[in-house]
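Listed next: structures, encoded as structure tokens.
The following pair of complexes shares a single chain, subunit A, combined with subunit B in the former and subunit C in the latter.
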Partner chain A sequence: MADAMQDSRPVILSLAGFSKSFGEIQAVDNVSLDISEGEFLTIVGPSGSGKSTLVRLLAGLESPSAGRLLLRGRDITVIPANRRPTAMVFQSLALFDHKSVGENIEFAMKMKGVPPADRKARVHELLRLVRLPESFYARATTQCSGGERQRIALARAFASDPDILFFDEPLSAIDYRLRKALEVEFKDLHQRTGRTFVYITHSLEEAMVMSDRIAIMQAGQIIQIGTPEEIYGKPANRFVAGFLGEVNILEVAGGHFAGLDRPAPANARRYAVLRPEALRPGKGDVTADLTVVQRLMLGSRTQLFLRSPTGAPLISEVAGDAPEFERGTTYSFGFSPDNIAWVDE
Partner chain B sequence: MRVGRRAAAVVRALWIVAILAFLYVPIVSVVLASLANTRYMRFPHKVWTLDAYRDALGSFTTWQIHSISLSIAVSVVLIATVLGTLGAVAFARYDWRGRSLFQRILVLPIFFPQPVLGLGLLLSFSAVGLAPSWKTAVIGHLVWIVPIVTLVVSIRFFGYDVAQEEAALDLGASRWQVIREITMPQLWPGVFSGMLFAFLLSWSNLPLSIYTSGPDTPLPVWLFTRTATNYSPLVPSVAVIGTAVSALIVIALALVLAAGKAVRRA
Partner chain C sequence: MTHSPGPKFALPVAVFLLACFAMPIVIVAWYSLMPPRTFDLGIDLTLANYHTAVTEGYARPLMWSLLGALITTLGTALIAWPSAVILHRHAGRGATVVSVLIALPIFISESVRLFGMNVFLMPRAGILAGSLDWAFGFKIGSILNTWMAALVGMIYIHLPFMLFPLLLGVSLIPQDRIEAARDLGANRWQTFREVELPLAAPGLLIGALLTFVLSLGANAEAAILGGRAVTVITAAIEQRFNYAQDWPMGAALTMVVIIVTAVIVLPVLARLDLNRLTQ
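Up next, the complex of A and B:
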């Protein structure tokens, strides 16, 4: 689980036995985690998995029911949000809509008592950092577009010169193209500033693009943590595998792939996770005749929804628009057991 | 098509005129009545005169009823704004045990018929040995107006993203700085509307004042009794003066607000 990058950098934030319950509901359940200095860590989970509560605990906006939180070895468990050297970009962004863009960004400095002239100079610097024109200083936040508002929220968080930036799904309400552009910008900003980013999202795709490490959360617990490659290549269980988008999950029963009626290899475990792109038309170590049920063009590739002779649904992805795979036609598809990720549950 | 559009425009214009007439004919007729020299409400007048205004402005009573109404209204505004804003915090901002019960109980006085409420208040005052005066009228008005101000301010609480307060806290603001930098500026439009409501509702209130003001006679009570028993053009002229005074106060408040905003911008 520990990768080379994590080992080489000191730990900035350490959680031990972190829990939070609201009445009967255990939102965060005994989470222990070390976050490295300068790392981009993304916590991914479906809604209700406790990821938002976890980040609010880290920011100090909620206090934990149990557990300890160490910042560079110092216990900050009971330190409130306004005295933690961290800043959060909120899901709603929470821009102060009665203040101008400049007043928003300089807020943290104003609270610290920085003189107005110094604040203004720093705001101009921050506007450049997030690639906004300096003329935005006097603009009302309500006159800014969605992408501009994201950048203002970022600049405002950076203005407090935080050791760690938290992001609580800031891109969840943004349209696809802008989201893609901002993901790249977040990553770029992370590299340029060298700060530690802890990012919350429900989209593993978003996490894959940006993160050094990804933690998968389910029912208040972190069920897997690792690099994007590790998560993608060796999912811990069917839940993580399914979170990656559409995959084939084949149950192994009696030494055979159920639904395919083909023998499974000796190292087989309970379930075989097979990426759609690993199930290819033509030859393979394991082959089966599959019927095309549906064909979806996805631009550079085509998704084929297939059915085995015994009725098991499968999915394959091929390059190009693959016109020969008409609905109702049957082809031989195959895969190599080397491409299977085995999971037990 | 063209004819249809023009007809629609005519109908719309007529409709607007009808609505305006409906709203303003009563006010205009009071003004007209104040310009007569006769005790009988007859129209058109034979003589147009400003005598009633001369009498009204020269009369001590006019000043007295206005000063009583103003004392009541200003007291009500100050107290109702503080109580209503605090009440709105409990009503709209925090989730606490008993909140939904509080929300229901709070609005009850608004639904209670005011004359009954006034009578009830009078009985309560005499039960505890309070002699009715303009001060008891303040208490009476508050019973009815505080819930209204609470509701008006509450609407504003629902109208802004409260995550802004958490964001301010996260950026290093203390609790007090959060209130000063975020909560109060965001709440201010609601508080200001609440103040206006409190003032106007108190200024024009009759049914509660009749029971609770005792020997002190506020403007609406004087207008009501004089209309019922001893009518002369003095009554509409005082009514017009009273309306002008309240309008001037509201305009002055709005100007102060705008000036304050301009100063803060600069």
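Up next, the complex of A and C:
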């Protein structure tokens, strides 16, 4: 496992040998991880990878089967959720719809016994923080739009003045445009508040936009952790590479790229991961004649689905609308081995 | 503008409701305004019976009834809440069996069940007293024929009327709301008060209304288990109609109970949003 950029910030949360099993199912399998003060860490994985269970363990909503959890060096493994200085934004948001917006936001302060006048002042501050009008104080949560409800959930989590904020896929049920806007806002909020954010999502694209570091989870384990650039440039295995979106994975057999019938370089390993934009029409160190099977226009670029003479599928991405690449035409495509990320499994 | 056929179709139901629900109340109200000990409905109206109801010590039976209904409502709620939470969390075959076992006795006559409870509570060789004596050598005095025994019977009889609406109410609490409250620092009691109770309120209110109204009109528990240790208002009304042969007085007491019930129940009913239960 490639270790991530070790920044100089102190560790806020440290997991050691964290595991959780539900009967026969090992949801989280021996996860060890250090989260730095003020970082935006995103844990990405497909459904069933254990990422939601992991964050629920961190928030104290589940107790681990094994392992230890240290918050600034203090063991909080057995501390229940209500006594942890962390707050969670739930996938469903879990707003209290029997309470007003103001009552939702001030909930954590009320539980702590903060006097009503102080609570009200702080709620107005929090409404400003999440860019909601102060008139929302008395509004019913059921009268708020999806984006407004997201902001209320955020403000409510911030109200407890948490050391760490957890996000359990809060944007998964939101339409594309609003999601894009809120991703930028989450990142902005992270920068403005300097809090530690631990974000769970199944979308690597979402993770790329917001995170300082990304941890990829598969079958209960963290299989790679690093900066978005590291994940993108050096995926740890085919699973991570595939998670990045459409990508060419070429198997190397007998010193040749299988399916292309071209010799592989000396440093080749089992699989070559080649990004679509690295497979270009025209010249390259490795070239092959490929037939266009399908052409998809993506606005500023065009995606070409190709097939090699031996039938191997490949994807290329070219700028513009590339009208010459009609279906059925054959062109020479090439790539440089420098652009390949090699993986063994 | 087209005429809806609705009113015409509603007519049979309206006639039925008028004849079977409104008329008896009108007749009772009318009787209550007749001179004492008359058996005819006339136009010679008087408030004499109401005057007697206020001055002749009927406040006490009414108080016993109200207190009994209140204690029964609270008692059933205290038993039904944890039961409903457990049944909801473990929903499945086991929970269904338990629910059916709780519901089944409703189909057995109330007096039969109360006589069963009577055998259970009997002193010396009764099931409760006998078992305690046999198992622990612990002797309890007679609790039969006390107000306490009547209350035990009331709670026993009315528990299903609280439990099933409450089960519906408890199922309205999404698990993530409880988790959110915990995450935001609420302890168990705060979570219950701030989140679980308000979210389950519609079910709790329906259960409380049913239990309260039914308990207020209950008579058999006090008679069979309470041994008339206290006189409840329904017993007083029955006495007026039967032994005393004073229908107008019985009718006046009935009207008092109806009015008191309405005063207590209507404000609760007005706050109840039945739509929330079906969401």
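Rule of thumb we're sticking to: the second predicted complex is superposed on the first by the 339 of 345 C-alpha atoms of A that agree within 3 Å, B and C clash if a C-alpha of one lies under 4 Å from a C-alpha of the other, contacts with A are read in each partner's own complex, and residues count from 1 in each chain.
Criterion: a residue touches a chain if its C-beta (ideal position, glycine included) is under 8 Å from a C-beta of that chain, and two chains touch if they have at least 3 such contacts.
Note that this is a predicted model, so its numbers are computed, not measured.
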For the combined arrangement obtained by superposing on subunit A, do subunit B and subunit C clash, or do they fit?
clash
Have a look at where A:112 lands relative to subunit B and subunit C in the superposition and call it first, second, both or neither.
both
Considering only the touch criterion stated at the top, classify A:129 as touching first (subunit B), second (subunit C), both, or neither.
neither
With both complexes overlaid on chain A, does A:178 touch subunit B (first), subunit C (second), both or neither?
neither
Quick one: classify A:98 as touching subunit B (first), subunit C (second), both or neither.
both
Using the touch definition from the top, say if A:87 reaches subunit B (first), subunit C (second), both or neither.
both
Which region of subunit B runs into subunit C, 38-46, 56-64 or 218-226, after the two models are superposed?
56-64
What is the shared patch of subunit A, the residues that subunit B and subunit C both contact?
59-61, 80-83, 86-88, 90, 92, 94, 96, 98, 107-108, 111-112, 156-157, 159-160
Which stretch or stretches of subunit C touch subunit A in the complex?
174, 176-177, 179-187, 190, 194-195, 198-199
Give every residue of subunit A touching subunit B within the complex, in rising order.
59-61, 80-83, 86-88, 90-92, 94-98, 107-108, 111-112, 156-157, 159-160
Residue ranges of subunit A touching subunit C (in the complex, touch as defined)
59-61, 80-83, 86-88, 90, 92, 94, 96, 98, 107-108, 110-112, 156-157, 159-160
Could you pull out which subunit B residues touch subunit A in their complex?
160-161, 163-164, 166-174, 177, 181-182, 185-186
